[in-house]
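Below is a structure I'd like to ask you about.
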Amino acid sequence: MPKLELNGVVKRFGERTVCDGISLTVEEGQMVCLIGASGSGKSTLLRCINLLEPIEDGAIYLDGEDISIPGLNLQSVRARIGIVFQSFNLFPHMTALENVMLAPRRVRGLTRAELQPEVETLFARFGLADRMHNYPDQLSGGQQQRVAIVRALAMRPEVMLFDEITSALDPQLVGEVLDVLLMLKRQGMTMVMATHEMGFAREAADKVCFLDGGRIIEEGAPEVLFDHPAQPATQAFLARALK
Amino acid sequence: MTRRERYEAQQRRRSLVIAATSTITVLAAIYFLVPLAPGWAKVQQSFFNGETLIKTFPKLLEAFRINVMIFAWSAPAIAILGLLIALARDAKSPALFPLRIFGAAFTDIFRGVPVILTVYLIGFGIPGLGLPRPWNSPYIWGTLALVLTYSAYVAEIFRSGIDSVHHSQRAAALSLGLSERQVMRDVVLPQAIRNVVPSQMNMLIALQKDVSLLSFIGPVEIFRQAGVFKSLLANFTPYVGAAIIFLIVTVPATRYADHLMARQMRERR
Amino acid sequence: GSCAAGKTLTDGKFTIATGNPAYYPWVLDDAPESGEGFEAAVAYAVAEEMGFAADDVVWVRSSFDEAIQPGAKEFDVNMQQYSITPERDQVVDFSAPYYTAPMAVLVSPNATGTAPTLEALKGLQWGAVGSTTAVPKLSSIIQPDNDPLLYGDNADVNAAMSANQIDAALFDLPTALFLSAVMIEGSKVIGQFPADESDNPDQFGMLMEEGNPLKSCIDEALAALTDSGKLAEIEAKWLQDSTGVPLIK
Amino acid sequence: MTRRERYEAQQRRRSLVIAATSTITVLAAIYFLVPLAPGWAKVQQSFFNGETLIKTFPKLLEAFRINVMIFAWSAPAIAILGLLIALARDAKSPALFPLRIFGAAFTDIFRGVPVILTVYLIGFGIPGLGLPRPWNSPYIWGTLALVLTYSAYVAEIFRSGIDSVHHSQRAAALSLGLSERQVMRDVVLPQAIRNVVPSQMNMLIALQKDVSLLSFIGPVEIFRQAGVFKSLLANFTPYVGAAIIFLIVTVPATRYADHLMARQMRERR
Amino acid sequence: MPKLELNGVVKRFGERTVCDGISLTVEEGQMVCLIGASGSGKSTLLRCINLLEPIEDGAIYLDGEDISIPGLNLQSVRARIGIVFQSFNLFPHMTALENVMLAPRRVRGLTRAELQPEVETLFARFGLADRMHNYPDQLSGGQQQRVAIVRALAMRPEVMLFDEITSALDPQLVGEVLDVLLMLKRQGMTMVMATHEMGFAREAADKVCFLDGGRIIEEGAPEVLFDHPAQPATQAFLARALK
């Protein structure tokens, strides 16, 4: 049974169809990378998987269970799926530490003290040990991005969705963050990632999906897709991207 | 001291001089010119009569205790009810549609109906239905009228604060698995409330003065007391006395709130 | 007192409400307990007539609104120059009148030359206290050219006159005389309307809760006071002689 | 129809049923139970007297013209003055420090002093200084008192709106070479004003009713008229008439404003 | 005379010194790239150059004129220096088109009609022709980023500052946007860019500056700096970044 399965997911904003019948299977422990031009619907798809956007049609299964049934208890599903947004969306009225601790305290029911060691380790691993008590406004873009990652990981989700999380990082940190993802992968985390880092996608992904105009035009193992793209659109995109 | 600090210090000095001179000029103009008006003696006698002020002040202060009391128990009630109504009006799920309607009707009615009528209707009308002595007190029912009216206003302000929090904040919080309630309490409301502190300060100050509306149904608070003196002495100075008492309370409170807000802003950025 | 026994708010006490504040010449120095002033004196006379000792008279304060609120009242009778009108009588009960008040015209210092004729009065800017029967009188008898301005109490009328915002105001005669003599410098009472000018002259009555059984006792007492000449005596003592004020034609 | 639409339609239907039944139950309870109270006949007679209502309504409506008139000319004045005061309080440069102080003093004083005093002081006091007839009108000076008081409240709301716009917006606009004024006008204020529409709606509704405060210094507007009837007829029904007139005006206005806001939000996201 | 010159610029936030005596010369038509770890002060330095942050000490010269004198008319200076922010900062209450037109209309005093052709060309060049009438909230991250670039260019500045402008773009667009920058460079635009795109820095920059802890540790032509870094810190950073 796949960990996560999408079946003909359709999402519209008014007249505009942003996801146009997307089907996708993600096995337990797999890392799937979504690539595609800006506006092709990667972010929207991730938001749909996390049930932040109700879908118009199709279905989404987590561990074989349909989580897109209207009226489902969204909360328990969302706690199992973490997401890191392209635009961070940190809570501006809380320090980095409070941002990270909020959800574990509320949902996992732990106290600050219980969380402290775990969270401090996370902060340290992302090079944020001395920024825990800063407010988001006092952090650089890269620092905010890393806090957002830590915040999602602190919930110990089963599936993680990443939306171009390395875009605000310097190359050094990109390397470090990608290392963390590889480590998560080794630990068996199931991950879906929208990314422009073709190098990383090739190195780490188990499957790469190329989105265009709200559809998955082509998918496959990275070696296959990157080296022998079948579709002309994919070929054109990769030609430019890898130039 | 860097070049910039020197410049800023100089700017500040210059503006203080301007402020001081302009303020003094205006005050001096008022001080010297107004008394030249033909009716000044009478106006002074009517509004700024030292003797009357001294005579009436102690009793005003005593009556003010009633305002403080009513204020003290209605303000928290208003904050809570106002917040609840705002939350009801903001309920997103279609199942909570009735709540939304109720919230909208509540604000429409209690903002739309003049306070005086609400005070009369609840303060006289409900006891008039035949309540026995301790339960027909104008304090109870008058306070209720005040609470209902002000909650409607306060709810609208809370609602605007909630709407001013960007929807991506809700999305981020929901995605972490927080329930709608937790999102509201931990993420949206703290930001919303901070955004509307000045508007709610407005309400607090207005409430402090509108406690006086209860005097329509009996309680002799500071305004009624000032009004009694005004009628008796045909002199408006007691109102000035009341205003002084109000200013002594509100000005430090608003300055302090402003100071807190400014500090919070400075810390944050 | 035998008649009032068991009918008062508190047994053995006679609770009378007056205004807050109570004005001269109706009550002296806002202190009705002294029995000084017309209404205070009438109150004690009535109480005595009903068999209450002076010590058994309890004074409370009330506004007009409290007097007409539905439900239980905090007083036995309420005395503050309430004019008896049929509309009010539907909601509350009135005693027999204890005073018949002519309406009088008080003019500001600028208008003291106005002739006491309806014709001349029409052209003035009028003011009155909004809660009194002066308002309907103004619109039915004088019918001024400009809309009158209405105020909350005598002090506000006084201030408006000082600010030259109104030329004339309508009061009951004793109030008008008092205001012109003491409060508004240079003002003058230029005329009064005959007390029986219209079908319902302005008569002051004591106000009671609708259906109050005390009404008959009080009416009896007032009748006795009128018959004995005591009421006229009190009136002569506290209310100025109004014969000097010309009648308005 | 997709699965989701079906579900939402069903949810909406169900909640409408709940809303309808609960509303009807409550109204029915009030309708049948309240008249059982011992004092109901009297209360009804005092507050809901059809005959009195019909008799007084036309005159109330006529008096309402004065409210509309005063409202019509004071609302724009309040908006403008309130905005100016908010901008003064928000002046950033040290050279404009006096303006800041002035703004703060203005809001403190005119919010802190009870409206009644402001109305008396300006409405009786200034004319009392010896102004000739057309210029001492209570309409002019009463309106000024109202404008000053309300501007103070409105300014605080505008200020909270300005503060709620993130500073990065200012930075972005400044970086394009816009002047501070242009930044304020084109970038900050439009966002600020949108954020505070509900609070300002509050003020508008409160103002509409507080126009009645002018009646203290003479003008016979709807409230004074209702008060005259109340005194004359010893009946509170005329206030109910006034409330009906107010509701007829405010409820559609607030519903419409809400509708506009909601549409704007929907378009935007 | 250099187009832009920084001389010992110091910027503090409270106790924290973020720019610690930065001196830098940018000749007319040059493209200077700032590289360095997250939090090293790149964004802050750009904000200082654009006079958005008052500097504590030092001076900034544009065409030889000291533009950091306190009390200077900031507006005219800023109109000559464009900046594109890391976090876009589009005006949410205006459509993309209005965002772009605002400043030219106000500062350059042109009408909408006069601007229309120029602006439309810009939108088209950035592949945004069909997004002109959308509000920022309705645009994807990459689309917002490009609107922000167009907005700055529409003011026809003499110097452009770019703060990691390619971070939200897909690789294809990164290529396109960098092409635009190269074109701007050919047209003689002076540019300072904070970037993590080492490839682009190497290819397009005339000078690369490596920032660390608020100081320029090392600067030089890209060939020199990338291939023969002198400082250990630079060596370490590049080692990780180019890995």
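What to note about this one:
All chains are identified by letter, namely A, B, C, D and E, in their written order; residue positions are counted from 1 within each chain.
One rule holds in what follows: contacts are C-beta pairs under 8 Å (C-beta built on N, C-alpha and C of every residue); 3 or more make two chains touch, one makes a residue touch a chain.
Keep in mind the model is a prediction, meaning the values are calculated, not measured.
Shared contact partners of subunit C and subunit E, listed by label: B, D.
Centroids built from CA atoms put subunit B at 47 Å from subunit A.
Centre-to-centre separation between subunit A and subunit E, using Cα means, comes to 29 Å. For this pair, subunit B with subunit D, the centres built from the Cα atoms lie 14 Å apart. Multi-chain contact residues of subunit A, defined as those touching 2 or more other chains: 87, 138. Residue positions of subunit B touching 2 or more other chains, listed in rising order: 8, 11, 39, 42, 46, 120, 124-125, 128-130, 236, 269. Within subunit C, the positions touching two or more other chains are listed as 65, 69-71, 159, 162-163. The full set of touching chain pairs reads A-B, A-D, A-E, B-C, B-D, B-E, C-D, D-E.
Of all residues in subunit A, those touching subunit B in their complex are 47, 50, 52, 74-76, 78-83, 85, 87, 89-93, 102-103, 106-107, 135, 137-138, 151-152, 155.
Touching subunit B in their complex are the following residues of subunit C: 20-21, 23, 30, 61-63, 65-66, 69-72, 153-155, 158-159, 162-163, 183.
Partner subunit D is touched in their complex by these residues of subunit A: 10, 54-57, 69-71. Subunit B meets subunit C in the complex at residues 39, 42, 46, 120, 124-125, 127-131, 133, 136, 216-218, 220, 224, 227-236. Residues of subunit E touching subunit A in their complex: 13, 35-39, 43, 86-87, 138, 140-143, 164, 167-176, 196, 198, 237, 240-243.
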